[in-house]
Amino acid sequence: MVKTRRSKKSGLPPGTLVHIGEEKTDRVKITLIRYNEREVHEEEIEGLDHLEEPPPEGGESWVTWINLEGVHHPETIEKVGKYYGIHPLTLEDIVNTEQRPKIEEYDDYLFVVLKTFDSTEHPDEPIIDQISLVLKPNMVISFEERSDEICNIVKNRIRSGKGRVRKAGSDYLAYCLIDAVVDHYFNILEKLGEEIESLEEELIAKPDKMTLQRIHRMKRHMILFRRSVWPLREAVGSLLRGEFALTQKTTLVYLRDVYDHVIHVIDSIEIYREMLAGMIDIYLSSISNRMNEVMKVLTVIATIFMPLTFIAGLYGMNFKNMPELDWRWGYPAVLLLMATVVVYMLFYFRRKKWV
Amino acid sequence: MVKTRRSKKSGLPPGTLVHIGEEKTDRVKITLIRYNEREVHEEEIEGLDHLEEPPPEGGESWVTWINLEGVHHPETIEKVGKYYGIHPLTLEDIVNTEQRPKIEEYDDYLFVVLKTFDSTEHPDEPIIDQISLVLKPNMVISFEERSDEICNIVKNRIRSGKGRVRKAGSDYLAYCLIDAVVDHYFNILEKLGEEIESLEEELIAKPDKMTLQRIHRMKRHMILFRRSVWPLREAVGSLLRGEFALTQKTTLVYLRDVYDHVIHVIDSIEIYREMLAGMIDIYLSSISNRMNEVMKVLTVIATIFMPLTFIAGLYGMNFKNMPELDWRWGYPAVLLLMATVVVYMLFYFRRKKWV
Amino acid sequence: MVKTRRSKKSGLPPGTLVHIGEEKTDRVKITLIRYNEREVHEEEIEGLDHLEEPPPEGGESWVTWINLEGVHHPETIEKVGKYYGIHPLTLEDIVNTEQRPKIEEYDDYLFVVLKTFDSTEHPDEPIIDQISLVLKPNMVISFEERSDEICNIVKNRIRSGKGRVRKAGSDYLAYCLIDAVVDHYFNILEKLGEEIESLEEELIAKPDKMTLQRIHRMKRHMILFRRSVWPLREAVGSLLRGEFALTQKTTLVYLRDVYDHVIHVIDSIEIYREMLAGMIDIYLSSISNRMNEVMKVLTVIATIFMPLTFIAGLYGMNFKNMPELDWRWGYPAVLLLMATVVVYMLFYFRRKKWV
Amino acid sequence: MVKTRRSKKSGLPPGTLVHIGEEKTDRVKITLIRYNEREVHEEEIEGLDHLEEPPPEGGESWVTWINLEGVHHPETIEKVGKYYGIHPLTLEDIVNTEQRPKIEEYDDYLFVVLKTFDSTEHPDEPIIDQISLVLKPNMVISFEERSDEICNIVKNRIRSGKGRVRKAGSDYLAYCLIDAVVDHYFNILEKLGEEIESLEEELIAKPDKMTLQRIHRMKRHMILFRRSVWPLREAVGSLLRGEFALTQKTTLVYLRDVYDHVIHVIDSIEIYREMLAGMIDIYLSSISNRMNEVMKVLTVIATIFMPLTFIAGLYGMNFKNMPELDWRWGYPAVLLLMATVVVYMLFYFRRKKWV
Amino acid sequence: MVKTRRSKKSGLPPGTLVHIGEEKTDRVKITLIRYNEREVHEEEIEGLDHLEEPPPEGGESWVTWINLEGVHHPETIEKVGKYYGIHPLTLEDIVNTEQRPKIEEYDDYLFVVLKTFDSTEHPDEPIIDQISLVLKPNMVISFEERSDEICNIVKNRIRSGKGRVRKAGSDYLAYCLIDAVVDHYFNILEKLGEEIESLEEELIAKPDKMTLQRIHRMKRHMILFRRSVWPLREAVGSLLRGEFALTQKTTLVYLRDVYDHVIHVIDSIEIYREMLAGMIDIYLSSISNRMNEVMKVLTVIATIFMPLTFIAGLYGMNFKNMPELDWRWGYPAVLLLMATVVVYMLFYFRRKKWV
């Protein structure tokens, strides 16, 4: 949700590392992958003392990817940050998992914040994870809140050597991670689209009190999802305009592709939002329509039986001098009168299309 | 609809060709048209081995147009792409038929994505086809999801030699295709306009529960149609600003015309959307008005018969000592009283304009 | 209306002249006015062979104004266009009377499209005429759909020699025509304002079902009127920024005045639109209020007579053992009881302000 | 109101002076104030022949302020305009009091149009006056529709010599007049704020039919007030960006202050508008709530008395064979039954919180 | 609230110091803190004669921070202003506590206005305090309306020497104060978020008349809060773009962090506003739903008892010749008929899901 539990941070000097957000994993797992076009080395780093500098530029061009799962141990993050020369504010943004997606340039690295979105497990409180990337020449350091699919997809691609990733530099690796996040957005769009469609069917078939609340929950998902995606547009756009030095020209065409996808996602979110707004209209009019129907039933019943009851009451009066009461065919005549009234009324309502 | 079935693509490296979208034709049909001011050669290419390079620049200036119908065989598209030096990302966009309209510049060609829109066959699920163009010097390669009218119109114009097309270069051919798509938008606008008008008449004559749903379906068509047109504005605008090298100056004046038409279409869509929004207001107020009418009938009936029934009930009481009951004109007097009540009530309601 | 009957044009090569729109006059009438500070020559040109070139620049500086009434004869327009070197796309825009207002620069002339608006004759379908201008050095060619006031106003001014028009160049003549169109917008604003005011009075005095439809018709007029004016803002703005070579510096200050007026008109349209939106709110709440009133009448009647009828029914029961029935003052006591109930109820409703 | 009575101007050549707007004062009063740091001369100019040129630049630096009250005598305005070299279009804007606020640069002067706003006297038709300024080096000519407070405030400041005004140039005098107008906006904001608050209290305490109309009148005031202020933002902004040569650098910091105030006023107007929109929501829901209440009363009454009346009716039947009628405790038993029904119903409604 | 009590200022020359706003503290308390990396001096200045110039640039680099609590004594502010060369307009903005947040550059200092927000004590009238900063080289002068937390947080950080503040210049001190204000916004967001959540629960569990008013109060808080935050975005943005000379490059990265936080706050406010708008929809539909329920009860009761009462009335008629009355099983047969009617009706309503 949109809650921001930053109060425990209030008053501390900027750059102080305080983990904000849920603790989503137990220990911090650090994986190091080093690859070039021909080889891949992969190992899990147990202690922080085994962190390694990226190899010198000369000779074979290696790309080093250090992946951390878990950002809730400020000390670990701080140590990693110090080792690789990451600015304290960057570290603060990494452990504070309530950032907006963004791309920031620091003196010798690019810092990228990405958000994932998952509303399947807890429909009331979608899970929004943060993936942070530090992109240096020949090196990417990624921070995940917990082990998730995004990074695994890219790892597998490196292991198998499929696609361009092994042939390209660290900026292409960063692009792959961003692309994986954006691809994951399309999966979410599909799920949300299916939910909206089932909601739409429910709305037309048998809307009840819960329908509106479900529509509003979907609207809130849309708001939160959009919040995770929207700022990425500008961020990738600034990458695309070549504002940052670290991206090579050959990668730019791929970034344009990601940019396009981000716009596509945002577009679809807007369309879903318009559809949800329309569904609220339909829901409200369906309430009114049902009230109309209830009122019609009441009116038909009252309009038929009130005159009848009156006629019956009329001949229930106790006047001495009521000649009809003594007529032989008085009773049948009154019954006939009543039947006439009913038939006339039904005819009238039929013409008004009320029955 | 806005569904995005990209999940099967999730996790694959960028540039992998996976057809996304419906399969709309059986086989891929490739047509080659080569023309200059005096001659037109046209042939269907059976195997991909017959693909031909555009003739050298020198000598007679030929324009080559290769048209593919069907984009669901990634291998074919890949082969064509490799032969003509098309970037893998472009190919990915061609087979993935859920692109937004756009114009992108690559090193030696312009890539144009266009969308058609057709809501006549399936009102619930308008068909949106994608037409992709690759514009190179003296050459246009076009990709259609299935054989449709747009390209045929231009083919006929080339065959007959009418207009400027045979005298101009490949950029004018690309313009002709874009222009044909935009002309097709006007046809759609006309159809949508007629539907809206008939909806409007229905709304005023006899609105029912389905009316609102029909309005909302129209609204959704508008959203989807706008989505197909809107991005074209910026795309053609960037062409117009001369951002791309491949368009000649003489073609620019025609592009300005297309740009104008696109804006006209977008304008009309916005106006239709405003009209549909107004129609929802009218619909909702018509429900309220009808409820008002129902309530009036009920109130009139109740207000007339309740006093009457009470009077009848009064003289139905069994008190020993009720002198009126024994009066000779008691009964007629009561009937007269009742008539007076009815007349007064009717007069009252007439004044209130309820009857 | 917003209907676009362009389908007959679909598939034709660009630059083909097909008249789109209503035929509003029988024959095409061509008038030639040639003037300088001292003299005015005016004649009606019968055949197209009498078209004349503007006189050479040297010597006396004449301004030539050729005015065509009627644009539905493509051949005539084409002939005029060829004679004066007008681009086929311009001619297409002239005969297709469904253009947006715009100003376009061609190699040796400026092309201006203006729209008039008239909702007085046919409130359901306002008449929107198109006036096209081609501005060349020392020459203006104007195309009207039918004879209307705008051009006559300017003609009279030229004839009488009032104002600056005879002393200035062709750009000032074009300005005069634009200014006359914008002045005419103020007249329309006045009329629309009066209609809105009378609607407002109707809304407060005695709103009925037609009121909402009248409000919506006004809204549609506003949409259509805005469509005729809005693009003019940008068009005149671009003139004002001196983007076009054909306007002299002394004319710019007049264009700024027109620009100001256009903004004033757009502003007023927006205000009218907000007022109309507010009127819909008032209308809807007036329906609810009336329903409330109906319900109150029903409730008051039911609440008074139901207890009375019950009491009457009570003493209409046929139990053997009902001592009240035999009491001497039983009947008057019951009547008193009933009166008490009525008084109490009326008191209650009075307090609730229902009666 | 937004009415524009320009029709009497239609068809006249631009630059023709026709007074548009109400005539708000009898005669035109011209005051001349000439001051420098040490001296102030003030006189009323009786005839237009006494108009004086600003003294030559050399020597003592005097500032001349000519103030005209009343703009409905075109001849006077024209004479003044000709004397001081004011462009006919400027004069047209001065006598046509339906301008938007604006700042325009002419060859040798700046032209400023300001609007005042007063809704206290005529709540239905707020009075909007126009103050026009012509700023020349060492000279300001101001035109008011009638004598109002704005200019008097500044006159008094000049007379008393308080503040910077006597030490600075004519641009500072113009600034003082603009500042006085903006200060006057704050007074209006206060009044409108108080009205909104009293409306809000009325809305919560006892909303009636007039409340909505009062809210809408306030909304209209807001629209008109915003119209008077909004364009000033851009106008002052362009002054601030130093686009005009006539403002000295020391005055710029004061203009920034005015700019800030204008934004503050616009902000507050927007907030008021949002509050009014919210009040309409509350009003509409209060109608619904009241209807709910009416319906509850009706339902409670009907639900209690219908079963009772039925029971009474049951034992009013005339069947021969109805043993209950002959029972000794039949009547009390039925009364007990009725009491039970009532108690049960009341209990039910109490639980539903309807009574 | 949005009230602006500036009327007492109307008519005074610009630069006149008049305190506008509530008087929130008794006396003005002036604290001077002077620090460098190794030392901190702190003292309360009793009289204004003890004000001190910042020490000369040479030698040890000291930063001087003068903090004033209370801005309602214009004389004090004026004296301080004159001593440190602050422009009269700046002083006017300091004492007039109804400024928008802003950053303005003067010749030799930067002027920063910040707003705090507190809705906990007075939910109807949130308290909005103003903190003004004057940033000069090596010096910061801060003005608070009353002693609050923001400045104390920074004071404590200086005293303890934690973080970068003691090592950096006066621009970093200004940054710390801005950062403290923005951190305080996150606390407010949390509180508002909790209120919204509790409102949401109330809305779903048991909405009553007060719920809507509570939602609207929250909406107003959002409007006011946004007003305090929104302009800060542009202000910090202009700092960030390096438009001002006084900020060092090392501070810029911190300002980017603040900028990010401000955008985060604005984003959250927008999301809250959308949620509140959705809650109004839910509230209105809940009223309609409840009315629906009331109507259903009424209809069910009427529909069951009206036919019954009619049947009872029928056999209450006094016709001589009504054979049923004499039948032995007439009475039980009628009771059976009535039971059948009830069962049928209940079955009908059950199927319609009304009971």
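Points worth noting:
Per-chain numbering from 1; labels A, B, C, D and E assigned in written order.
Just so it is clear, a contact is a pair of C-beta atoms (placed from the backbone, for glycine too) under 8 Å apart; a residue touches a chain by one contact, two chains touch by 3 or more.
For clarity, every value in this text was computed on a predicted model and none was experimentally measured.
Counting hops only between chains that touch, chain A reaches chain D in a minimum of 2.
In the CA-based superposition of chain B onto chain C, the rotation angle is 70 degrees, rounded to steps of 5.
Inter-chain spacing, taken between the CA centroids of chain D and chain E, is 26 Å. Centroids of chain B and chain D (each the mean of its C-alpha atoms) stand 42 Å apart. Looking at chain C, residues 284, 288, 291, 295, 298, 302, 306, 309, 313, 316-318, 322 sit in touch with two or more other chains.
Interface residues of chain C facing chain B in the complex, by the touch rule stated above, are 1-7, 9-11, 13-16, 87, 89, 92-93, 98-100, 102, 104, 106, 209, 212-213, 216, 219-220, 223-224, 227, 280, 283-284, 287-288, 290-291, 294-295, 297-298, 301-302, 305-306, 308-309, 312-313, 315-318, 322, 324-331, 334.
For chain E in complex with chain A, the residues that touch the partner chain are 153, 156-157, 162-165, 176, 179-180, 183-184, 186-187, 189-190, 193, 204, 253-254, 256-257, 260, 263-264, 267-268, 271-272, 274-275, 278, 281-282, 284-285, 288-289, 291-292, 295-296, 298-299, 302-303, 306-307, 309-310, 313-314, 316-322, 354.
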